[in-house]
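Written below as C-alpha cells is the structure these notes are about.
Note that the chains are named A, B, C and D in the order they appear, and that numbering of residues resets to 1 at the start of each chain.
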C-alpha cells in the first residue's frame, strides 16, 4: 500500500507539471485552474504522504522499509537497474518536508506571483521541482538518485533564471547549473567506482556489500569524497558554494523552497543516505566535517555584511547547511536530519517573510532602503521575528534544540568534534548577530530617508496563512526532540540508520552546551541591538571603519573573481585560441593537404586533356605500342 | 603448294591496319578520319576470317559480321556528327572540336 | 597456284587502295579508293572460304556504308581545304615513329610465331562459311551477341535521329 | 519475404521515380517521397517485429550469390546493432523528408531523389553482411550527400563539397585496399576466399597483419566519424550544407563510422584493435575536450552544434574501443540518442536562423517571449544534448563511461571534463538565443515553430523521452550482438575470463594450427577463453 501511494505521490507533481505545461497555447489560461492544478497536486501529495506516514507509524519499526520496482529500466553489461522507489523512515521524513513545506510555499506563491505574466510557467516549473525532489529522495538506486539530482538541477536552473530577460538572472542560472554539473560529475564518478567494485547500483545491495570496498580503503575514500563533491555542489559548501547567493535572482518563493528548505539540503540527505559508505572511511567523514566547519564559519562572516535582504538569508543558508554537513561528517546523522527539518521550517519562514516585505515594497530588496516596517507589515514582522529567534537558537525555539543537539553531540565526537563545537558556537553568535541585524534594520527604527516609493501594503491571506503556519512550525518544530525528554527523530530514523555509530553526549556536556547555547543566543541579540537597533548613528560610524576587509566580506571572500580569472578565463582563452588559430590552420591543414595534392596533380595532368582527337588517338597507339613492346620482350627471347 | 598460308593474310591485315592507323593520325578532315577507321576495321576482319579458316570454326566469321554492324553504327553516328558540325558552320577540322579540353 | 595469284592481286589492290584512301586529300576520291579496298578484301574473304561474309562485305559495306559516305560528301559539297595550320605538325613525325614501331613489332612477332600451320598450306575445311552455317550459328550459339548487335544498331539509329533533329532545330527548322 | 532487401530497394525505387520526374512536378514528387519513406519506415518496423533479440548473428538474412568464384554475394540482414541504426535511419529520413516536403528547395524532385538515394545507401550499409557490399554502400551514400552539398548548399558549397568528397574518398580507398587484403590474407590462412563478415570473424590473422588491416579500416572510419584531428571537413560540410542535410549528415552518416568500427574493425581484427585502442581512446577524449571548447567559443549556432557533435561522437568511439560489454552497449544506445538529438538540434537552429535571419549566436536574444513552444522544445533538446541526468543521452554516456571506467579510469575521468563543458556550451546556445532582452529579432517574421517544425520535432522529442524512460527496450536488444562483437577483442586484451561472456570463434580451429604447443598457441589471442557461459 505504501509503495502504491508512493508512486502516486511521485506522479502527482509530474502530472501537474505536464498539465500546466501543455495547456493550449493561445492565450494564458484563467488563473483558477492553474492554481487548482499547481497547488492542488502538491496538497494531495502532502495528504497522501501523511497517510503513508500514519500507516508507517502503525508498523513495527523494523518493518518500516518499503521497496517497490515498477519495471526493469535497463540491464546492461551485468548491471541491472530498476525504476524503483524506496520508502523508509529517512525518505518519509524528506517527503513530508518536501510536500508539506512545498505546499505552503505553493500556496504563498499564488498571491506572490499574482502580477506575473508567466503565472502558469511558474507553477509548472515549481511542480516539476517537487517531482524531481521527490524522485531524488525516493529513489532506490544511485541511478535515479542522480536522475533526481539532475532534475532538481534543471528545476533550479529554470527558476533561478525565471526572469529570463534580466541578464543577471540568466547568468546566475547558468552558474548554478554548471556548478551543479560539476557536482553531478562527482556523483557519476562515484557511481562508476561502485559499478566497478560492486557491480550494482541498488541501495540495498550496495549498502549490504559496502564492506567489500574495505574499511579505510582508498576506494571507499574515493567513493565518499566523490559523492561529497556532488553533495557540496548541491548544498553550497565551500568551495562550490558561490552559486547559491547568486541564485537569489529567482522569485522569493523559489528561494524559500529550493534554495533554503529542500534542494540545497539534498547533500545532507545524500550523506545520511550513504552513511554506510561514509562510516567505512573516517578520513572521508573528517574531510566532510572540516568542509562543513569552514563553510559554516566563513558563510556566517559573509552574512554579516550583506545589504540585500535575500543575500543575507542565502549566506545564512550556506552557513546553516554547514552545520548539517559538519554533523553528518562527524557521524551525527540523526542530528543533521533534525536540523535539516527545523531549518526547513525557520528558513522558509524567513524567506517568505522577506518575500512579503519585498512584495509589499514592490521589489525592493536592499536593507538600506528599509526601516520601521513593523508598523506596516504585522504578519511579516511576527513571522520574521519568530524565524530569527529560531535560527539564532533562542531557548525554546526550534533552532535552539536542533543546533544545540549538533553542538552537544559534537563534544562527544572526538577532537575534531570539539573543534567543531567551538567553531559552531562562535558561528552561532555570528548567526544571532546577522539575523537580528536584518530584523532591526528592516523592521525597527524610522522609515528610510525619503519614505517608501511604493507604499507597503499588507499581505492578503494567500500569503499570510502559509507564512503564519510556517512561523508556528519554526517555533514549535524543535519540540519533538528535547534533551533529557524525548527523542522522536532519533527513534524514527533508527531503522534507516542501522549500524551507525552511537554517539551521545554525557549529561555534563549536554548541560554545558545548553547553557552556553542560550547565552550565545541572547548575547548575539544584544550585540545586534547595540550595533544596529538602538542607535542608528552608531551603525553608520561603524560602517566607516575597516573598509577593505569589509569589501572582501561583502564579496564572499572574492572567490567568484578567483574562479573567473583562474578557471573560466584561462579555458575561455584556450577555447578562443583553438577556435581562432588551431581550427583553421591545424585541423584545416590536415584537410587541405590531400586537397592540395589532388589539385596540384590535376593541374599537371590536365595538360594531357588537350581536347584534340588526334592526340587521344596517338596516346592510345603509344599505349598499344608500349604494351606490344613489353609483350614481345616477354615472349621473344 | 596451292593454297595461301595464314601468314600472308595476317601480314596483309597488319599492313592495312598500320596504314589505317597512320591515316587516323595525320588526317584532320573528319570524313577522311572515318574512312581510315573503316580501313582499320576491315583489316581486323581479314585477320578474324583468316583465323576462322585456320581453326575451322565459324566464330571468327560471326565476329567479322558483328564488327561490320558496329562499323555501320559508328559510321552512322560519325557522319551524323559531321553533318551536325557542318550545319553549325564549323570548319571540318577535328582540331577545332576541342571543347572537351580539360 | 591460281589461289596464290588471286591473293597477290587482291592484296596488292587492297594495299594500294588503302594508301590512296589516306593519301588523297579529296574526300570523294578517298571514298572511291575505299570501295576498291573493300572489294579487294571481299575477294580475299572468298579465298578464305567465307562467301557469306564476302557477300555482306560487298552489299552492306561497299554498297550501303560507303554510299552513305558518298551522300554525305556530296551533301557537304566542295569544301575549301583546311585553313588553319596544323597545330600538331611538329609532332607528326611521332605518328610515323609509332607506326614504324608497331610495324617492327608485327614483323618480329611474325617471324617468331610458332603457331602450328602458320606458314603452311591451309588445311581443308568444312563449310563453315556457308550462309546456312552462319545463320545456324547466329541463331543458335551466338543468339545473345546477335540480339545485342541489334540493340547497338537501334541505339545508333536513335542517336543519329537525335543529332539530326538538334542540328535542324538549331537552324530554325522544326 | 526479403524484408531487408525490400527496405533497401524501396527508397532506391522512390529515388529513381523522383529523379525521373520533371522539376516542375513538385507535388507528385513530394507524394512519392513521402510514400516511399513511409513504406520504408513500416518495413523497418516489420523487421524490428521479426527480430529475435537473443541471437547474436545476422538475422533476416537475404542471401543471393552473385559471382561465386570471387566470393561476391548479396548478403544483407540485421543484428542487434544494426537494427537500431536501421530504424534510426528510416525514422530520421521519414522526419527529414516530411520536413523537406513542406519547405522544398529549388529543383525539389531532384532534392528528394537525392535524399532517398542517401537513405537507400545508409540502410544498405547498416544491413550489409559482406565487406564488398559494405564498401559499395559506403561509397554509394557519399554520392548523394556530396550532391546535396554541392547543389543545394550555401555560398561556398563547391569547396565544401569537394573537400568532403576528397577527404572521405581518401579514407574509403584505404578501406578498399584493406578489404581486398583482408580477403586474400584470410584465404592464405583458412583456404577459403570470402568477403562475408561473419566468416571473417575469428580468422587467425597474425598480430602485424591484424594491426595493419585494422589501421586501414580505422582510418576510413576515423575520417567519416570524424575523429580528432581528422575533422577538418566537418565545419565546411556542416556549415555549407542545407540545414536539413547537415542534420542528416550528423545524425545518420556519422554513425556509419562507429558502426563499421563495432561491426567490422573490432570483431574481425581484435589484436589490431587492441594495439590501437588506447590511441583511439585518447584521440576520442581529446576530441571530446577539443570539440567542447571550440563549440563553446563558436560564432554561429550551427557551428556550435557541429562541434558538439564532434564531442559526442568521441564518447561513442570511446565506448567501442574500451572492449567492455557495458560501454559498447552504451555506445550503441548513444548512437541512436545522438542521432535523434543532433537532428532535433539542427532543425531548431534552422528554425531560429529562418525566424531571425541571423546565424551569429551573440546577435539575437529573448526569443522565449516570442516563441514559448520553440523555447520549451529547445530546452528539452538542449538538456538532452548536454546529457543531463534523466535524459536519454545520459543513459548512454553514463554506461559508456561506467564501462570505460572499469578498464581505463583515467580516460573516463578526462572525458568527464566534456560533460561539464557540454553544460557550458549548450547553455550558451540556449540562453543567448532564448533569454535576455529581445534583440536582433526582425519584425514581421514568425519565430514560433510552425506546423512543419512541430511535425518534425515532436516525434523526435517523444522518442527521446521514450528512450529516457525505458532504455532497456533498445539496450536489451543489443546485448547478444555486442557480447559477440567485443569478446574477441577482450581476449586479445587479456581480460579475465569471467568478463568474456561468449566463446570466441577461431578459424582455423585451434587443433589445425601448425605445431600446437609452440608460442603462438600460448598467445592469449589464439586460445579459446575458459569463460564459457
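Brief remarks follow.
In this text, a residue touches a chain if its C-beta (ideal position, glycine included) is under 8 Å from a C-beta of that chain, and two chains touch if they have at least 3 such contacts.
Remember, predicted model here, so these are calculated numbers, not experimental data.
Across the two candidate interfaces, A-C and B-C, the one carrying more C-beta contacts is B-C. Central chain by Cα centroid: D, whose mean Cα position is closest to the mean of all protein Cα atoms. Work out the mean CA point of subunit A and of subunit C, and you get 94 Å between them.
Chain centres here are Cα means. That of subunit B falls 5 Å from that of subunit C. Mean C-alpha positions place subunit A and subunit B at a centre distance of 90 Å.
Here the CA centre of subunit A is 37 Å from the CA centre of subunit D. Annotation for subunit A: residues 612, 614, 618, 621 touch two or more other chains. The residues of subunit D never reach two or more other chains; the list is empty.
Taken residue by residue, subunit C touches two or more other chains at 87-88, 95, 98, 102, whereas all remaining positions touch fewer.
Across the interface of their complex, subunit A is touched by residues 87-88, 91, 94-95, 98, 101-102, 105, 108-109, 112 of subunit C.
Contact residues on subunit B toward subunit C in their complex (touch as defined above): 1-12, 14-16, 18-23, 25-29, 31-32, 34-36, 38-39, 42, 45-46, 49-50, 52-54, 56-59, 61-62, 64-66, 68-77, 79-84, 86-88, 91-93, 95-96.
Partner subunit A is touched in their complex by these residues of subunit D: 162-163, 166-167, 170, 228-233, 235-236, 290, 293-294, 296-298, 324-327, 329-330, 366, 368-369, 372-373, 376, 379, 383, 386, 388-391, 394-395, 398-399, 401-403, 405-406, 409, 412-413, 416, 419-420, 423-424, 427-428, 431, 434-438, 470-472, 475-476, 479. Here subunit A touches subunit D in the complex through residues 21, 25, 71-79, 121, 143, 146-151, 153-154, 158, 161, 164-165, 167, 170, 173-174, 177-178, 181-182, 184-185, 188-189, 191-193, 195-196, 571-572, 574-576, 578-579, 583, 586-592, 594-595, 598, going by the rule given at the top.
Listed in rising order, the residues of subunit C touching subunit B in the complex are 1-4, 7, 11, 14-15, 18-19, 21-22, 25, 27, 30-31, 34, 37-38, 41, 44-45, 47-50, 52-53, 56-57, 60-61, 64-65, 68-69, 72-73, 75-76, 79, 82-84, 86-88, 92, 95-96, 98-99, 102-103, 106, 110, 113, 115, 117-123, 125-126, 128-129, 133-134, 137-138, 142, 145, 149, 152-153, 155-157, 159-160, 163-164, 166-168, 170-171.
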